[in-house]
Structures are given as C-alpha cells and as structure tokens.
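I have placed the structure first, in the form of structure tokens, so that the comments after it can refer back to it.
Chain naming follows the written order as A, B, C and D, and within any one chain the residues start at number 1.
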Amino acid sequence: MEGGKEKDAYTKACGIIEMDPSDLKKLGAWRGTNVRVTSKYGEVVVKAVEATQGPHPGLAYIPMGPWANSVVNPNTYSTGMPTFKGTPVEVEIAMNEPVLSSVHLVQKKCRGEA
Amino acid sequence: MSEYLIKNGFVFDPTQGIKGDKADIAVKDGKIVKSTEISSKAKTIDASGKTVMAGAVEIHAHIAGPKVNEGRNYRPEDKLFTYTPKGAGKRMAGGFSIPTTFKTGYEYARMGYTTAMEAAMPPLFARHVHEEIKDTPIIDEGAYPVFGNNWFVMEYLKNQEIENTAAYISWLLEVTKGVAIKVVNPGGTEAWGWGLNCLTIDDPVPYFDITPAEIVKGLIEANEYLGLPHSVHIHQNSLGNPGNYTVTLDTLKLAEKFKAKNKFGREQVLHSTHLQFHSYGGDNWGNFESKSKEVMDYVNTQKNITVDTGCVTLDETTTMTADGPFEHHLTELNHLKWANVDVELETAAGIVPYVYSPDIKVCEIQWAIGLEIALFTKDHMRTFITTDHPNAGPFIRYPRIIKWLMSAEARKERIDTFKHGAKMIEATHIAGIDRELTLYEIAQMTRAGPAKSLGMANLYGGLAPGMDADVVVYDFNPNTPHKPDDIEKAFSRAAYVMKTGVPVVIDGEVVNNGNKRTIWVHAKVNENPQVMRDIKDKFLRYYSVTQANYDVSKHFVPNPYVIEVDAT
Amino acid sequence: MSKSVTDVICPFCGTLCDDLEVIVSDDGKKIEDIYNACAIGAEKFMHAQAADRVKKPRMQQPDGTYKEVSYDEAVDYTAKMFHKARKPLMYGWSSTSCEAQSIGHEIAEKAGAIVDNTATVCHGTTLIAVQDVGIPSCTLGEIKNRADRIIFWGCNPCHAHPRHQSRYSIFPRGYFTNKGHKNRKMIVVDPRDSDTAKMADYHFKLEQGRDYELLSALRVALRNEPLPETVAGIPREKIIEVAEVLKSGRFGIIFFGMGVTQTLSKNHNIDNAIMLTKDLNEFTKFSIMAMRGHYNVTGSGQVLGWQFGFPYAVDLSRGFARYNPGETTSNDLLRRDEVDAIFVLGSDPGAHFPISSVRKIAKLPSVCVDPHITPTSEISKLHVPVAFVGVEVGGNCYRMDNVPIEARKVVDPPEGMLTDVEFLDRVNKRLDQLMGGKK
Amino acid sequence: METVTLTIKNQPTLYLEADTITPDNFSGKKASEIAALHAYEGRDQVTLGKYFEVSGEGGATAEDTRIVVKGNVSRVKYIGMKMTAGEILIEDNPDMYTGAWMHGGKLTVKGNVDAFAGIGMKGGEFVIEGNAGNYLGAAYRGDWRGMQGGVIRVKGKAGSDIGYFMNGGTIIVHGNTDVHVGTHMEGGKIIIKGNAPSKVGGQMVGGEIYVYGGIDVMMPGFKYAQDEELEVDGEKGNFSLFHGDTGERHPKRKGQIVYGKLYLRN
C-alpha cells in the first residue's frame, strides 16, 4: 500500500474479496477465482480469497481502495461519511474477466467504460 | 528610525506615579524616551482630552495550546454567527469564548493589551502551544509550563532535593521555552490519573508519598533558588467547591516563611490566581456564600503574595483547566460535554462548557465575589484583573469589569436585574461596597502590577524612558462627566495602540500585525549529571516519545525575547 | 561510509513512532536500511527511493495521456484555477506537515475554498461525536504506565497500526504496569475473527451495524437495569460479565477504529462509546481514543482548529468560516455538485472515495499534489510530484493522541524537486499577483 | 397583509445562499429594494434580483409580510432562516436549511426539503407537504440545545436524525422515518405515524416519542411500563408505554426517576 498504488502489490492486497470457505464452496469458486461483486451502487471484478481472519459465513470483506469503493453505499446520512461498511452485495463467478489495477479501474470508471 | 510623540493626554502611569497629569510620551525606535531625545520629525499623535496608559499586561489566560484548541474544535456552536470576515492584512476571525488565534491577537490589541501569558502549558505539548503563539498576531506572549503534578518534581521534593528540582525546572523551561512555574491543583491532578483528587493541602498524593503543601513549599524554594522573574503561580486545591476558602488561606500561609530573591524587582513569592474560585464559604450550593473579605483581609497584610481576580462576567463560556478532577466534577453537575486529557508523567486537563446565568443564585454570588476581591484590595499593585479566560468569562469582557469596578451605579444596575438579587445580597458584601476604583488603580491592576509580579517591570506596564513603547490612548476624558457605559465603550476599542513603537490599532481597528515576540526564560544552573541521568531514564522507560523528540526547536519561536537568569 | 539517523519519525500511521533508525549513504542521498519500523513504515521509506519515481509535474492531455510541464507552469495553472473558481475544494492535508497546511489555509482564505481533510472518510464522525458529548482521553504514555483494561472496538491494530500494541497498549511495562500484558485484560469487539480478536480475553463478535445497541446495552448493564436476552447477537450474561470486568479495572481505555465510524449510526456509535467511557468514570478511571489513520490527519485538525475553530470540512467561501458535516464535507459537496474545482494534497480520494464521488473529481478542474502516482493523480488535470514529508523534508505532525512531534528529514529530495511548502508558497504568491492585491 | 412573490428566473451554477428571504428582511421594502438584497453564490456576493423576478412589496412589519417562492429552488439554501413572523410559501423543493433557527411565523413547503430544515427551531409553524431530509428539527453541531419550540409537520416521510437533541416543540411525521429518532432528546414530542426502522430514542433523557407503525429493532434500554389510552394529534389510540433510555442519566422529580417516554401504538 505504501509501496506504490500503481503497483501489482496493491492490487494483490486490496483487489480481493475475503470470503468464508463455506461461501466459496456454495458459489462454486476456488481460492483465486475472479468474481464479480455487485451492489445497489456498482460492480467490480476482484479475486476471491479465503478469509484468513474468520470464519464468518455470509460476511465478505473487500479491504479498501477503489475496488471496495466501486460497490459501497455512498449515502452519508448527512454526516459526510459514506457508509463504507455493511453494504449488501451479490457475488458471481467472472472467471474470464481481469482484476484491474487501481489506476486503470478508476480511469475506466471515470470514463464510463467500466 | 521611527519617532512618535503622543501629546497632551491625561497620563496614568503607576511606575512613575503619574496620576492623570497632562503629559507627552515620546517614542524612538520602539522604546519610550525623554521628549528631548526625539527630533522635530517625530510623528505627533494628539491625545488631548483622552486617557493615556501603557499597554496592558495579561497575567493569566488560556489562549494557546492543546486544551484551548480542543475547546475550539469541540464547540462549533461557539462560532455560530460570531465571525468577522477577513480584511486588508487581516485574517478572518471567529469564536466567542474560545476565539481563534487571529481573533485572540486582534481583540487583545483593540482593548489596549500588548502582552499576554498563556497560563498552563503541558510540557509534552509545548510545541503545540508555540505553534499557536506563533499564529497569534501583535501581542507578546509567553507560557507557563505546569509543574505541580510532575513526577520528577514530586520524586525530588519527597526527599527535599531543592537543587535537583531547580535543575529540572531550568531544563524544562529551556526545552519547552517556558516563562514560569505554574502549579495547578498540586498532587490532585496526579491523583486524577486514578480518578481521585487532593482536596486539602495535606491529602497525600497516591503512590508518590508527598502532600500538596510539600509540593508548593518545595517549588517556592526552588523558584527563589533560581531567582526566576515570576514567582510560583498557583491554582490551588479544591477549586470551585463551597467552603474552599480555608484551603485557600492554608495555601497562602505557606508563603509566609519565604522571601523573594531575584534581580527583577519582584517582591512576592507566590501568585495566587483566579482567587474568586477559591473564596467560597458554605458547605453546599444552598448555603454557598462569599468569603472574599476573609481571604482579602489576609492578602492585604502579606506583601509576598500577589493575586488575580478571576471575575465572572455572566456569559456562556467554556471552562478549561489542568485541574482534571474539577472538570469531571463540573460535568457531573451541569451534564454538558466533557473533554479530558491526562498527560503522561506531567499533568492533565479538562474542558466543560458553562453558562453563568444571571438567573442562577450561585452564578450571581460568583459575580459578586470576583468584584469584591478587587474592591477589598488595599494595594492594587498586588491584585490584578483577570477572568481566568475563558473560565469565568471571555477576556473581551475586561472593559465591562473595569466599568463595574469604577462605578457603583453600574454594579447596582446589574444587581437590579438579577433573579435572586435579594438572596445574592445576603450571601455577599457587594451591595454594601460603595468604593469606585480610579483610573490610576485600574492602571495598577492591568499594567504596572502584573508587569512587576511577572518580573518584567523593566519592559512592560509603564511609560518611563527605556521601557518598551507599548502605549495606549483611550477616548475617555476623566475630567468630564460620563456614564458608566462610556468607560466600557472606551476600553473596548482603544483610540490608538502602539506595540514596541509600531502603531497597531487606530480608532479601535487593527491596522498592523506588529512585531510579536515570544518571551521565555533561560535559567542557567550548574551542571547536574544526576538530573540529566534521571531525565534520560524516564524517557527510556515511561515517556511515549524519545527525549530527542521532546525539545521545542528554535524555529517554533521565530522572534524570541529571552530573559536570562544566572543561578550558578 | 554510511551514517545513522536516530529518533526518526515514521510518516505512516497515526501511531507516529519516533524511534526509527535510518542508515543513510554518505552523500545523504540514499536510504540503506531502516531499524525499528514496522513493515509498512519501512516500505514507505523505501518507496521514496523507487527508480521510476515521477520527478516533474505532468498535465493531462485531451487524449487522457500526461505530458511533463515545468513547476512554473504547474504553479501558474494551480493559481489560475483558484482565481477562477468560485468555490474550490481543497482536500487531503493528512500526509503533510502543519507548515504546509498553514500555507494551504492562507490560499483557501483568498480563494474562498473549502478545506477538508481525510477525517471526512475516517474519523470525521468521531469529531462530530466529540462535538456532541466531549471526550475523556489521555496520551499514549498514560496507557503504557497505567492501563489494565484495553478495549479495541472496530479496529485491528495488528494490521493497521502494527506497533501500537508493543509500544503503548498491550505489551509494554510501564510505571504502574510492570508486568506488561499480564497486568492487562483485553476485550475486542469486531464482527470478524480478526488477528487482534484472536489475542483477546473477551471477543464480542457482534452483528454488523449493531454497535450502537451493544454500547447502549453495556451502559444499561452498568446501571443495573434490565436487558433483553441478546443484544447485537451477544447474550445478556456476557454483556453483564464484561461490564463488571470494565468496572473492576483501575484504568481502562477504549480504542476504536473505522469499524465503528463508518458503520451505520456512525457518529452515534462513537457518541455512545464516549458516554460509556464517561459512565465508567463513576466507577474507575477510563479513557477513549480514536485510532487515527494518516500520520498527520490529527495535525490538520489542530491547525484548522486554531486558525478557524473547526477540525475539518471548513467552508471559507463567504469570507468567514463555517462548518457542517453533511453539507461542507467532500463527499456531500461532490455528490451535490457544490464545488467547481478540486485541489488534492496529501491524500488519495481516487482510491478512498466512493466511485460516484471520484467520477465527479475527474470532471472538474483538478490538481493533485503527491509524491506518488495514485488513482487521484491519474484522473487529475495536473499532477505535481513533491518531496516526501518525513523522509526528504521535516515538519510538525500530531500523533493520534494530539501529541506534537516534529518529523525529520532523512535524505535529500531529488534535485529540483519542490516540497509541499515550497509549491504552496509559490501558488500563494502567484494567486496574490492574479488577485492584484484584492481579496 | 402584503405579498411578495419571488419567481426564479436564473438557476445558480453552484448553490445560492439566500438567508435574506424572510418576512423580517422584506418588510418595509419595495420590490426593487428586495431585489437588491444580498445573496451568495460561492465566494461571489450577488443580489436576489439576479436570480428572482420580484413582484409586490413587503408589509409594514414582518407580521404583515407574506412571501411566495415560485419555480425550481432546489439549489437555493437558507430560505426562511431566523424568520420571526409573517408567512412564507415555497411551491417547489427548496434545498438545505429551510426554516433554520426559525423563531416564529408560518413556513409552508409544497414539495420536499433537504437536510437541516428547521434546525435550532425556537417557534412558529413549519409545514412540509412532501418529504423531509436528514436532521429535521435537530441541533446544530455541538449544541445541546436543539429544537426548543414550535411545530414541524411532515406529510410525507423524513430522513435520519430527526429531533436530534430536541428540547421542546413538536415534530409530526405522517410517513416513515430513517434511523435515529429523538437521539439525546430531553424534551418535546415526536409523533411518527409510519415506521421507524431502528435506533429510536437512543440516549433519550426526557420527552415523548410516539410510533404508530413498527420498529424493527428496539433499543435495549427501554422497559415496558404500561398500556395507555391517549389522544395524540387529535385522534385517540391505545399505546404501550416504554421508559428509557435506561442507559442514560435521568433526573429525579419528587423522588421519582423521570424517564423519556416511548409510546408504541397497539
């Protein structure tokens, strides 16, 4: 994260969704499968990984960065703070779609291409 | 260089004993000079029909540092509809009870104050205090580091090690760029580390095996050993509690056996601050009453004590003090928002908003006590006007306090609008006092007196040749009839203020940001390897910062005025 | 010959460790090694040394690519943007020095800007809560020396503040805590089995979004009032047990993080946590502290505080300062199209704001001042690289407990590279010229 | 009573801050003088006349002055701020701070209001025929003195944080609300005729909250006291009374603890 946001390491650390092993199984995904995460507010392709800090069936976690922010609830309830935590999402397999780097993801979203 | 002649004003200068005589004040290169020393090119300021005094000196206010800023940040409602927009050469300025740094500088200057002391600097936060001082325009400022609950001080004084205490004080003044020894609720604030307090001068401090009385005596002794410009400056135990005047007298009596030793002309060994909060009788809020007479009868007999009033102004304000347990007590009483910071090894601080309402009996009595202290005073060179800003009210109310002190009619008008006037009169002396202070006495209480108590009488508070050219002209003619409100109006917006030779206020408006200085005291002592070892050890084991990152580096004090003391 | 620089401040997180030792090459240009830092902090220092670092300002071209421009052109573009805009947003300020913040505020006054810092998406809701109910707190050394009850609520210091537990909260042996972690009971509240939660004596694995109810329940338990069978998925008996544990300590502390500030109820969660702390002070001594993220977000709040009276989201557009989160906060301003230009320094909203806000930034005249290439720099009209504060230039910073610590310079910046202070100073002067002495 | 009609003719590109639109400011003024009153768009000081067609003139006093605001005012803030008397009718949807710090008079909005409407309200009558945003009748940041008096009636639904730090007066919402109703409430009355999802009456010290619909999750610090037959907003109903928030401090009166009251309609 402090090593450079255009770098692969950032994508590896944050372009992921941590899921409970039982949820992965239900989805038919393996560790490292690319998945599409969709909420009321947007969608993003990230890599599914097994939660290291678990277990928590039904609960998934995209750490931070533009991947998470593509799907979070921007409602601030007039406090200035978007509702970053607790957004209901759907996860589906997206085997053939790439996980974009932070810079590319944001650029594409801003151009309306993603 | 610049020369000025302030002509034909009615001059009040206690340092020279001038009591309203018409006189001219000559200024050359930032200093007061004899009229014969300036050339014909000197710029003339016509002060005829007006009052001329030296720049006023604030001896005790909370205007810079962590708790002041927490007060600002946690009270957005204190700024609501109070802002003055930016102007030519002036930053925007806002806040009522806790103004921004810019507003602090501007408002002091507009009232004719040219020097102010921040009354409680937590050493660990000294850098923050100086950052704010740097951003406060016009006025000279200094800050008192707090010592009364400091682990080094308590450990040395437990063994009566005065020399080590003095060496530690000398070190701390230098690394924090501090001015004097401040003591707040000695021992009680350390006890607050465990949620406890010391309410008398003999309550032992948990774990440290020392009493508040021993801390105060030891620090007085160390102060005089060093010969610092100011004396020990104390906020006593049991502040704000009914019946606390006995604790106050007990503490003041500790000064009796000490004598001032310094080269600065200071005569007192103890300055007792915001005495109003410490002059309470009764044993609960129901039978709460004034004990100002008992306290001032003692103070009047003791030349080695100076005091300031801590006058209640009857405003909504923000209380803030290093007396952590007191603020917890207050929030339990008024249920308003409470902020607290305990500072490792050193001190603590608390903040609670407070509404001094003229409809509440206790507040009315507190208002009376503050004024009574000033009115019972026999020697106005030893009693100074403060509001303990912002604790008893904001400093912008000084002109109103001056009005109340100079006019029995103004006091009566105020009392007449109180909801519990009759009960208040029963519990106080104020209604029976017809004394009206003179402009000369006001000049003593706001200029010459505090400057002398600070040991800075050679610089501030007077108009004698050689002193800093801090000169104020008020649009007030003492020889013509006036209404009480004219006093308040004149002192609120000075007609002309000069700070070290630079005109900073004209017709009540700031015209120049001046050449503000930060004052600190460099007290030289003999090398003391033991104390240096103790300091190193405490940083390694108990502090959360390294010793190398504790010093306030020089660039935080860009325009210093260093007072040198040699105690070797 | 290499030389060692000691007592170096780590410009990563709000823990602001000040005991790093950095080994620097003899010419003062290269960092060779770092001691005492956590992995993230060490990476921050090494990143400054990256060979592919951008060294010149870059202007976005119509096709979306970037072209190098001079610092003079960058200063001119930035000043003209401020001159033209009627309500610019100046966002970030958390990864820079107080000196830079102060010059930024001067520009903001002239431009009628809104100054907002990263608290707006981290602990802004904490600041709202503090304004509503206050905050009993302390410095980190107090915790090291006294604390025997430690709560981590919605935070995971094992990952986000790696040295927090060893330096201040769990392991150190202090004056009254000479047995280190054996003196302390640790309670973690987190819906996940985080690595921090795994170390705890008690772990409340609560339902997502029910922090407010659980905090209330602990307060009800302290007053011995009846409770429902479960609250937030936690059984009543457990809540009562933990309330007793908290009461029985001699000095307790609640640390909380974005797990509470960003969850439903937001400021109310913190408000209730503060009130729980206040309640506990009727039984023992208790404090509460926000685990601040960026190393100098606290400093931004301090400087804004003494200059304007508000800790973030300060609207100077009408020539005086106003503040109201929900209106003057970056994400509300962007969502509602309230601003007509954006200047970013010391943060990366492109990565940290919801994508709907980021799209708005991309459409506005925009300047991003950042040593790194970031998602923000790559959607801004102008990217201005600067020296790393805390590595290549010093400056004052404030730790999460508001303790001021002055960051040190360790190595020289690349030749010709401006610092934040230098760049802002030039923009300020250029803006004065453009305004012709007015405003 | 004289009527001044403001019809918006130019939309601001940013937002217009028009705290001068009150009967207090309009009284005693002709149309041309009203058009010359100041407003702000960003850092630019502008006049009302730049954005509004002004017709009619103010009455002799605020009490005798009625203002009708026509057209799309969704980018206009602060209409009716600090008004003390007279009437304002807004035919469309005004933005934030409508009727903020209102002291008296009557303010009617035909459409919806955005956040912070009626904050710090002290008196008067405020009717919103559409929906209200967040922080309706709430306190300004940091102030422990929220709504003190007056009546706010919302015919539609309301957002979160209504009646935050409320001390007096009445808020009636005919529809549903979002989370946090009457948080830190110390006095006054909130009536919700629809549902309130959760966090209702949290940290409540005093005052009354009525909920006719459902609450998904109750706060833990509310304990059932008794059922009561009451007349509320002109209609009779049977309610279950809960006392709370028991996690909060509560004053005592005549030896009895005084709780906040939460009434759920049976």
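For the reader, a short list of remarks on this structure follows.
The definition used in the following text is that a contact is a pair of C-beta atoms (placed from the backbone, for glycine too) under 8 Å apart; a residue touches a chain by one contact, two chains touch by 3 or more.
Quick caveat, the model's predicted, so the values are computed rather than measured.
Each chain's centre was taken as the mean of its CA atoms, and the one lying most distant from chain D is B. When the interfaces C-D and A-C are ranked by C-beta pairs in contact, the top one is A-C.
Chain C has the C-alpha centroid lying closest to the overall centroid of all protein C-alpha atoms shown. Between the CA-based centres of chain B and chain C the separation comes to 35 Å, rounded to the whole angstrom. Our note on geometry: chain A versus chain C, Cα centroid distance of 23 Å, whole angstroms. A separation of 44 Å divides the Cα centre of chain B from that of chain D.
The residues of chain B that reach two or more other chains are 74-76, 78, 336-337, listed in rising order. For chain A, the set of residues that touch two or more other chains comprises 77-78. Touching of two or more other chains is recorded for residues 115-116, 134-135, 140-142, 144, 179 of chain D. Interface note: chains touch in the pairs A-C, A-D, B-C, B-D, C-D.
Remark: chain D residues 13-15, 17, 40-44, 96, 115-116, 134-135, 140-142, 144, 165, 179-180, 183-184, 198-199, 202-203, 217-221, 223, 245-248 touch chain C in the complex. Remark: chain C residues 6-7, 9, 18-19, 98, 102, 109, 127, 130-142, 144-146, 167-168, 174-176, 250-251, 278, 281, 284-285, 287, 301-311, 316, 318-324, 396, 398, 401-406 touch chain B in the complex.
Looking at the complex, you find that chain C touches chain D at residues 85-87, 111-112, 128, 131-132, 210, 212-213, 216-220, 222-223, 225-228, 231, 264-265, 268, 271-272, 275, 279, 317-319, 323-327, 336-340. Against chain B, in their complex, chain D makes its touches with residues 140-144, 249. Residues 77-78 of chain A are the ones that touch chain D when the two sit in their complex.
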